[in-house]
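Step one of this worksheet: look at the structure below.
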Amino acid sequence: MKRKICVVVTARPSYSRIKTALDAIQNHPELELQLVVAASALLERYGTAVRTIESDGFNIAAKVFNVLEGENLTAAAKTTGIGILELSTVFDNLNPDIVVTIADRFETMATAISASYMNIPLAHIQGGEVTGNIDEKVRHSITKLSDYHFVASENAKKRVLDLGENPDLVFNTGCPSIDLAKTILDLPKLDFNPFSKYGGVGGKPDIEKGYWVVMQHPVTTEVSQSRMHIEETLKALHELKEPVLWFWPNVDAGADGTSTGIRAFRENNDLSQFHFFKNMDPLDFLKLLSHSKGLIGNSSVGIRECAFLGVPVINIGTRQNRRARGNNVLDVNYSKSEILEAINQIKSNPRPDSSDVYGGGDAGIQIANLLAEVPLIFHKTITF
Amino acid sequence: MKRKICVVVTARPSYSRIKTALDAIQNHPELELQLVVAASALLERYGTAVRTIESDGFNIAAKVFNVLEGENLTAAAKTTGIGILELSTVFDNLNPDIVVTIADRFETMATAISASYMNIPLAHIQGGEVTGNIDEKVRHSITKLSDYHFVASENAKKRVLDLGENPDLVFNTGCPSIDLAKTILDLPKLDFNPFSKYGGVGGKPDIEKGYWVVMQHPVTTEVSQSRMHIEETLKALHELKEPVLWFWPNVDAGADGTSTGIRAFRENNDLSQFHFFKNMDPLDFLKLLSHSKGLIGNSSVGIRECAFLGVPVINIGTRQNRRARGNNVLDVNYSKSEILEAINQIKSNPRPDSSDVYGGGDAGIQIANLLAEVPLIFHKTITF
Amino acid sequence: MKRKICVVVTARPSYSRIKTALDAIQNHPELELQLVVAASALLERYGTAVRTIESDGFNIAAKVFNVLEGENLTAAAKTTGIGILELSTVFDNLNPDIVVTIADRFETMATAISASYMNIPLAHIQGGEVTGNIDEKVRHSITKLSDYHFVASENAKKRVLDLGENPDLVFNTGCPSIDLAKTILDLPKLDFNPFSKYGGVGGKPDIEKGYWVVMQHPVTTEVSQSRMHIEETLKALHELKEPVLWFWPNVDAGADGTSTGIRAFRENNDLSQFHFFKNMDPLDFLKLLSHSKGLIGNSSVGIRECAFLGVPVINIGTRQNRRARGNNVLDVNYSKSEILEAINQIKSNPRPDSSDVYGGGDAGIQIANLLAEVPLIFHKTITF
Amino acid sequence: MKRKICVVVTARPSYSRIKTALDAIQNHPELELQLVVAASALLERYGTAVRTIESDGFNIAAKVFNVLEGENLTAAAKTTGIGILELSTVFDNLNPDIVVTIADRFETMATAISASYMNIPLAHIQGGEVTGNIDEKVRHSITKLSDYHFVASENAKKRVLDLGENPDLVFNTGCPSIDLAKTILDLPKLDFNPFSKYGGVGGKPDIEKGYWVVMQHPVTTEVSQSRMHIEETLKALHELKEPVLWFWPNVDAGADGTSTGIRAFRENNDLSQFHFFKNMDPLDFLKLLSHSKGLIGNSSVGIRECAFLGVPVINIGTRQNRRARGNNVLDVNYSKSEILEAINQIKSNPRPDSSDVYGGGDAGIQIANLLAEVPLIFHKTITF
């Protein structure tokens, strides 16, 4: 009898991060994968990750629409409430042996609560990190609900242990996103045309001589400032006049501040050097990054995959605060001038080396093996 | 402009525990109380705490029915999901400055998530303790979502700090339930007739020469065993042949195992020495305890108020595991013989002294004063 | 490619009513049955119909817990809201060609709304009847959401047509509950012992020389009177001193008024002639009815199956108002004396003849055949 | 003691339609208005009607965010389910004497179910009309749940009576939207600049010599065709080369088909004669209509207010099918050529006369007076 492992994917970047673990679970002789796709992973506004998932060959055990629309934080809370209501029914019907929840987006709390309240052993991927907003509360809160911890760095492992978790069930597997990065580490050149393959809107600049990639998410606890934040980045890159491939932000309270900022800037400025994408196959995205001049924004991709790939990163603001990092990252404030200065610095320095601070590229395999072996328990007490 | 303090009460025992803090908030010149009553506090099966609350003179800002019916743990998860959906709307409409959540019942997570996701500063009462079931996960998880911590003992304070919370915002106020106990510490004799005042069902034994009080809740992660657990207690007290005043358990997954056990035992045995109550005014309950021979079961009242009142307690099973305790507690397993042995031990020993391990009786005042003074923040990062 | 027919069963009596249609759908070569079990059909308090369903050999495609606990009507509304949330996900995942909703219980509205809003063709069983409470609003409201109508009598057919439905899609199939009744029409004697087979509580009167069956539900719009209503019946039968087999009521707002009334009466009276059952296999229940002296209460079983079986019925109150009936029914008010008078009348009259006012016993087959043949549409306009 | 009248507004056009009734209720000496704002009326994407409501001086008793995001019909069903959950709590806390629900948008069913299930007398505004999609099912279904009917035409009154409603409680008040139209019937010229007052995007054509207004909503049961539908209109008006003031559609499943169609057309065509608005004060909107060459699309404004104002209307497709109409309407299919032909016909004909088919301009007052006088009942049976 195979162990049934139910993984809940709620957003495009989470899927990209977990993909190699999903492959490893699916291919493991003692595991059966039950994949649930929910929240923004189902929505067109955020790139419809579900289509990528299906075209990657995964069967979807259940889809759960639970994103409540609204420009305020209330919607984030209610999205989580609806998620609990529905995931409880899904788990009741799928009857998994272990549920896996990924990282720290607000709605992942729904997975954690449904599973832990239903006495289903819960595994958390990427606990123990530190950032600067609601994700911070969510992440450590989920750690306290989880039975197994698959963390991505030594630093994170120490923190989960310090939170009073059982040392026998905390594992530094590295981050599965690195597994994917490993497969393209030595790719000589970009092997696809992003404009023709992925559409999107905006200009089609010549990217042969280099380009920048931007991915900047709103920071939930600073909703009202989202627009100002994005405008600094827009102004810096507008002034730079080099090709820019810009990725649309995920759903979040404040998303509309960011989106509005981008739309308004486009109405009033010549952005022929900018192209906007909604989504991209994760592997293609990594290829695009690895051949770029650098990544600008606040995505965790800059901290993780780019460390491994040796891609320079201009990390804006507090979102990735205190996450362990390689030497590829320049931290700046929401400031046009700081961004431009960092761009110059990157241009004048050699490419950073690859770093294994987030693992060596076998996290997915390690996670699958551990899921097959860990004792099935859902009862714990704090260690201190 | 007064600070608006929204307290969410979801169960009879939580109300009893928080009552003096509610009084102090209501009477504080710089605070406005917004009292929300939800979940089992509204239901007749669990004693309709809401009527007590109203007759105690509190205005209720909103009522939220969110208990999903069912004999399984799925219902507990879904109850929490519905709670989030509804409390988010309530908070959106009441617009509080601080939300207060109490202790560690599963559904209190709904309060914590709604408030923290909506960027409302969140105060948690009675974090940092240790017990043996899902409450354990819930309690520490709520600590990680909360901004202020009003803990009940030094032991709890240390644990909250070890969880990485900001030392400036962790306060050992003692437990407000002790405040209530303080008012009856020197009451010479029981000043009401429990049968005529509170009804209930069963025999009406002569309690003049002493009686035992029972309050035993099901332990959520051991659902299937609930009935066996309660039967050991029933058999022990049936054999003892002394008056027993028995309080019905709270809602919880498994509640029906416990209830069924009690009902079946009543059908088949002479329980003329037993009387069953659904609920009692908190103060009357403390009076009843203080004049009893002792409390039997697994209620936290035995650990807290009974320590202060010097009432002997036979604490059954793992539910109160590792909570700080005075010298009034005898721990036993689910075992008729161990229970009977502990009863004998109590009879042959002197009454325990009063202990201030859970505070000195001014917790409510301290909490109100702190709520008026703490900085209004909802942004934190772990201290390590 | 078989048509996928999704039937949602939300209560024990609905299952009993639809069972032969479920069999016929399951056995039809062009249909695939997707059975969803929800609401009180899953709850122990109401007899756990789900266990009967499983032991009858049906596969359950999904279970949905959605009964919100509470003594008020708010809970009925919220139960329906949760039902919509969850059934929408279930339908999204099952992707049925037709959804079938049964009769007029409040929560069946959830099935109707989810299916019709999702453009899934909706079939309604047992529209067009008239009763005296919220069911009345629900029933006709569902008719206006439905695309196909499988009604149980000519009278009902006329009413659905008068409501402006397309005559091509309104079918008088008779009631599938009659199909089951047909199988036991000529059973010579009761072939099981109800006490030993079904447990229950109360006395075990000698039923060899005859017995009465009681099934009386609370009437939702008269909540406060539920207890008085049930007491008249209790008093009448207590005075009669003949064996009574009493069936516990379904979940409904007010259920607790009825239940409380029964429990209180039991505490204070000798009910050794009464036995209380929670549930019974539908077929056994019909056998029990067919060999009884008569059915007392307000169940629709009295109007339908008992008409076909020729069982005398004392129909109390307004609940079955204006439903077409055979000559087996005596209508009385909530009145001990009227009930006793009707009992005497039954005793002095010959047994009623069988009536086919609710069909001839092939409704299930007819419904399955129609489900295989009707055009798949979800778009309609009123005919006038 | 004033009667508490709770009106639930869920969308911008519903507010505009009900505004004069809200005024009349607020000013009535025996009525107290409890205004609940929910669903898309709260969302920026649909014009944030809530801000208009507040600036019009209404107090809002509760706000309810319940729009679930998604490109499919599942989201519409779930939005309704969440609405029921939340409105039940709102009604439980507000305790209204009568609830008022408006027209036939899918989410208004939530208001109807919560009120009727909670035994709160329910008034329905604008029942009895006939259209061509899910609204049709919703409208008549709500009629069957409602106790009072305030219809807008004789035709509608007859249909509600034919549905079996009590003639004493069906009132042809006319449509309150006409009340507003009446106040501007004789306005000599447009007295504001729509571009400067309302922003929006697109060209700023010279509207002095006339302009067309477009408001075309997606038709829910034909989701996949939404884009084709809108493109015919876009092409026709692009070819016409006259000024066009275009209003963005409401939220609905398929909204994104329509929106996508508009956005794509804008990317690829010169739309300097088009200006796009998200929302407008209802009165300003009527002024704009009354001075336009005509309204194009499928809004009910064309059928109602434009009949009274004598504005020519090109009504596209089936959405307003079978609604009573004045002689101002030309019906066409989704067809560029038919639209252009109808435009020519309007240009060559005299302006239509004002029609009172939807009332004489005192509907709001009539509704308020009736709400103060009708008996408070929630119990009905069908009349046939």
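Structure notes:
A, B, C and D label the chains in the order they appear, each numbered from 1.
In the analysis below, a residue touches a chain if its C-beta (ideal position, glycine included) is under 8 Å from a C-beta of that chain, and two chains touch if they have at least 3 such contacts.
Values in this document were obtained by computation on a predicted structure and should not be read as measured data.
The chains in contact with subunit C as well as with subunit D are A, B. In terms of C-beta pairs in contact, the better-connected of the chain pairs A-B and B-C is A-B.
Mean C-alpha position of subunit B lies 51 Å from that of subunit D.
Work out the mean CA point of subunit B and of subunit C, and you get 42 Å between them. Residue positions of subunit A with contacts to 2 or more other chains are 65, 72, 74, 78, 82, 85, 88-89, 92. By the touch criterion given at the top, residues 42-45, 65-72, 74-75, 78, 82, 201, 256, 267 of subunit D touch subunit A in their complex.
In the complex of the two chains, the subunit A residues touching subunit C come out as 62-65, 82, 85-86, 88-90, 92-93. Put simply, subunit D touches subunit C in their complex at residues 72-74, 76-78, 80-85, 88-89, 91-92, 106, 109-110, 113-114, 116-119, 130-134, 136-138, 140-145, 159, 162-164, 220-221, 321-322, 378-382, 384.
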